[in-house]
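Okay, so subunit A shows up in both of these, paired with subunit B first and subunit C after.
For the complex of A and B:
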């Protein structure tokens, strides 16, 4: 064989080999787009079948995922999509699956039980959902039975709304009020505790709207060194209920990552408030509140939307106190399913294990978001 | 009366003026339609140019990232846009510079191809460059002004490199040096990787080419190569000194941002279409010829190797080659530019193939090749419409007006759901933002830690993007970030729960303005990255000056160079059969 032909052949073969290698064992950059899926993907084991399902959900290849279910005759593809993303717009509607865990629970020769833990990247943070799947053998491969959860439907009805509502008329550009404008509501920090945790210093406390008008509030904290030099400034961000109706209290929590309390001389707290239009509607009732002891200490309960308006995202803030009524911890959870009228939705707020023993009482506050108007 | 003219194809090369006219006929209407404005990066380059319009000698731009240095990107084409904008306006100045780059490519491909193939084949290669899918893709879909400007300058300079190393011609030495420095001033990646992909094959050719049956002596080859490499490196070091200082002080250490050009094109066929089929077009049909002819003809082998390496890296994550060769740079660079360079390296082969087909099949070949070229160009141009960089078409004028009035520009802003309109908005508003589109220029930790691109497109980066957005909103007070302009209600829950309130709406309520109470006015950032005045002066004078110098040295007559080229033509038209006979 001539030298030139050899070179052409060598380059051609090398090209094919490299393409095949890159496709069968894709690199990290390719995995970002293709997932763990390769041309070798198969459902030859229960874990592989669930892993493929996880990849299909990650790629939002709903049709592909649905077609591989063993029990697809029991529900439609649309039911499955609604089960994943919700019938009404909620946190998961536009979320993407960041990653998933496959945890084998039980296996025999013909079936298996596997837990699929899905980590959704939502706009407010990671939301985790868990499904226990029954996997059955079908010939030479395995198929998952999807435990479909059909979302409840609200029957047609009329719900009268008679909750309080405050409207504000602000100074317009043409008004001759000089610099005068409506006064900011009076708010006060009624409790504040700095604590040191593994990831830094945490400032938590409670804020009271002591005015007779609604307030849009926020809290900023500045750590001062022992020589009274500002070290860092952080705000409560979403660890607070920003809208406070008259006489309402909200907990707040401010994180200072990578700081130690021993360096801190004092803390300067700056609450801000603004007068805003507000309504007491939608009212969310909290039922069956229960403090669960360690291990896996948590606050559980149910939220019920008493209004007719759909609450697309609810945020539960839990304040935990010790026996003497001192603030111990503030934690929160976003509810990833929308709150429909009169349909209870469970919530669970985890409490750090080292603090669980100190907690003897709690108080929960709900912040809500509805499309077309937030509260 | 009968027409007795022969219909046999001419064996003469197509004249350069005709080739340039063809490029004008194809691309001028598209540029007059401002088609590149729909691309990914055109507005980014115009934004940089708009800064040079007002601050030619001050590369610190306060409009993005709370302040960043434009010395992080070689400025040449953007400075030309800035200069021409005084006459044409920014948009048309961009189009003018892009047109010049397209015309230079015709000249560059012709001159580069002459090193490898006959004048006739070289002229056809230059004609093919007018229809090249990757060129149209970069111009109309990617908007890569820097890459498409640097490559032709580089190609024009390479024959001078050949002439210097092969014949020791000092005029060629001067021209090659100045052109290569000017190319570096236009685009840094072209300099770094083009050196290997383009220059090394040319240097190999100088060594293997025989004159009167003899090769150049090794000492002369090495001496001249080292001499010009030293001079060019020194020139680039000086001309782009602020760029190197910025790079050394702030190396790109941020978490790599995923880019679909690094995907596996087989596992993700849509990206294969986007980054392989569209840029290559009908060139895919020529691949077997390129491999065979490149391997069979000894003097074409360096070109084949250069092409093959660029081709493999351009395949992104389809092969492990890119990652193995580029290392960490693989996670920073986008791969379509390698496909672009691969197609440029393939053009001499295309010229050869076309000549052989036309000689054999006459008019049928001409019709077939013309059809394939037209389809390739049409697909690449049309791709910007079929798969636009930014599907939503909306104006940001009202947003800019809002930011510019009532003291709103005392605070910083970000947009959500604006796509690459943020460059256009930044051109029009006086307000500063903490977001931007030039990832290598950003230094804010909230943006660098998570491996996401622009905040305005946070949701498309999944968890990293949303984490970066939350981090930035958490530290809004630190940056005077008071306004969030939202065109995607997806982000509303986050803003609502994080303490932002909707205070206004624009564009028929399709854009909401959210505000945060208690944010202090934006303060200038005295970042260590801020270049001192002497660097601003260098940045304003040297890169642009290098292009002026390049124009001037090209005016120096080069009779001897033409003689060298003619001499070379006698050894370029080599078919495998002839080579076999010669041996």
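For the complex of A and C:
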């Protein structure tokens, strides 16, 4: 018998043996995925109770989670579900729980404080929510008290909005050659600053729409070597507010992983713009912006939707400057709860610790997304 | 000796003529105007196939040698260099002819750029014209084109430029007043018009006032105009920033009805600034 045939036969037998072994003695996670039972263990400790809760949230087993709460008399299951996924569509509505951390804070014989950190997988990346839970002993097991955050309700009302809107009629396919089309908006990079970080070269800057029409914008940067040969090209992707109304300014940040500034001779910047239909509403006010020093340096504040239309996803971009007004850093945060009319929603943008000491002032801008688009 | 030489030349000429007749010689015009009727004379006897091949057009015709081949008006209408091939059963001959554009313009392709620009820009508006005949051939002989820019104030800028290699271009100034320009190119009784929008420049002398409104401070700008006195269009973003005790509030609001308004939290000692794009306005220290 040939050597190759022997190996094939051996692999076949081994596969059959492993399949039989896996069927007769399956792993715990395999059983869960097969739907026979869950990874839940007995809530004999505060940590186990919170781990069970995290697992129930991951499986979106809302009823099970709700039935195990010690304080379920204070709210309904529906309140709990809305607390988790939102009353109005938002980032968390279509997210799934990727993982969770259980961090014990304090414990006695009868109660405990435990922090539950939830890592949601959303369309824009991981969104983290944190809840500090009070765990109480009930007989031989522990139960969590859920710190319900009841969703704010906007009273029924009519909010008159005489908003501005731009519509565009583009050149038609049947138009003759030589017919002019509508001009693309004029945009200008008003600030640009390259820096080297541990993970590569970063190009930051600010882009101004200096036109009188709205613009869909993007910025592309090409690193040129000292011999003027292109080394790499990247775009700002989501580290920019893509829709700029007239005279609006957005920061942008472009990452070049695994590059060093010493290899770069020059940077070629290419801002692009396209004329798009847009609406001037909603207007979002940013209140109580505050630069928090190290440790855990951040920009915090509150967003208030001054319009009647629900903003389903808000994206806050922070631009940070030093004392001389030089651009130091650009950071952002997606808000995972929808912005309802006149209901303030907090935000927190983290600033790298090594740059926090240099930051002297900031400017925040908001990009918004509403289901149904700009109407 | 002289007589023998003349007889030799005469014999050679006669032989050449015979060969030409036998193979079907072609007499064709060197140039024709696009769309004009023309004819080709093919000497000889018998049947042949005539091909006329040029840019974007091919003609094929079965012909009787010895008779003139007539082409009606409109047969060849694309300007360019055409190769003419006469093929018989046992030989081919070729020649060429040039089709020239008509001298009478029938169409102007007018490119005006930009379609929108700020007021008061020297040579900010450019116009290019390409002159075509009725068959859409570029007319490459020099012809005068008249460019006219009628500005919102009614003033007219006029330039007359001769075409060169079929095109002419000019540059005009945008004027101080916002509005719609009519930019036209004219050649004889043919004209083409484009619309150019003159839009206001950056805000000039941006100024706001503040007043108490309950727990809020109500901010409103004066009518926002550019340095030429044109109203900055509604929808332009104006940013109000309030700085107080280490914190800050910001709101980007669009201009509505010529002014920008916003309400912000009232903090005694707050510094409130207003800006639009790269233009800074006044600042107010709020003491209430």
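The working rule: the second predicted complex is superposed on the first by the 327 of 375 C-alpha atoms of A that agree within 3 Å, B and C clash if a C-alpha of one lies under 4 Å from a C-alpha of the other, contacts with A are read in each partner's own complex, and residues count from 1 in each chain.
The rule is simple: contacts are C-beta pairs under 8 Å (C-beta built on N, C-alpha and C of every residue); 3 or more make two chains touch, one makes a residue touch a chain.
Treat the numbers as computed from the prediction; the structure is a model and nothing was measured.
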Exercise for the section: Pick one for A:16: touches subunit B only (first), subunit C only (second), both, or neither. Expected result: neither
Exercise for the section: Please work out whether A:274 is in contact with subunit B alone, subunit C alone, both, or neither, and reply first, second, both or neither. Expected result: first
Handout entry: subunit B versus subunit C as contact partner of A:183, first or second or both or neither
Key = second
Practice task
Could you say whether A:4 touches subunit B, subunit C, both of them, or neither, answering first, second, both or neither?
Solution key: first
Handout entry: Most subunit A residues touched (candidates subunit B, subunit C)
Key = B
Exercise for the section: Using the touch definition from the top, say if A:286 reaches subunit B (first), subunit C (second), both or neither. Expected result: second
Exercise for the section: Return first, second, both or neither, reflecting whether A:371 touches subunit B, subunit C, both chains, or no partner chain. Expected result: first
Handout entry: Contacting residues of subunit A [partner subunit B, same complex]
Key = 2, 4-8, 11-12, 15, 18-19, 21-23, 26-27, 29-30, 32-34, 37-39, 91, 94, 96, 98, 121-126, 216, 218, 220, 233-238, 240, 242, 270, 272-274, 276, 312-313, 315, 334, 367, 369, 371, 374
Completion exercise
Note: in the complex, subunit A contacts subunit C through residues 162, 164, 166, 176-178, 180-183, 190, 208-214, 245-249, 280, 283-291, 301, 306, 362-366
Handout entry: Partner subunit A, residues of subunit B touching it in the complex
Key = 256, 258-260, 262-264, 266-268, 271, 291-292, 294-298, 301, 304, 308, 312, 315-321, 323, 330-331, 459, 462-463, 466, 470, 473-478, 489-494, 496-499, 501-502, 516-518, 576
Handout entry: Partner subunit A, residues of subunit C touching it in the complex
Key = 109-116, 130, 194, 199-200, 202-203, 232-238, 241, 246-254, 256, 262, 264-265, 276-279
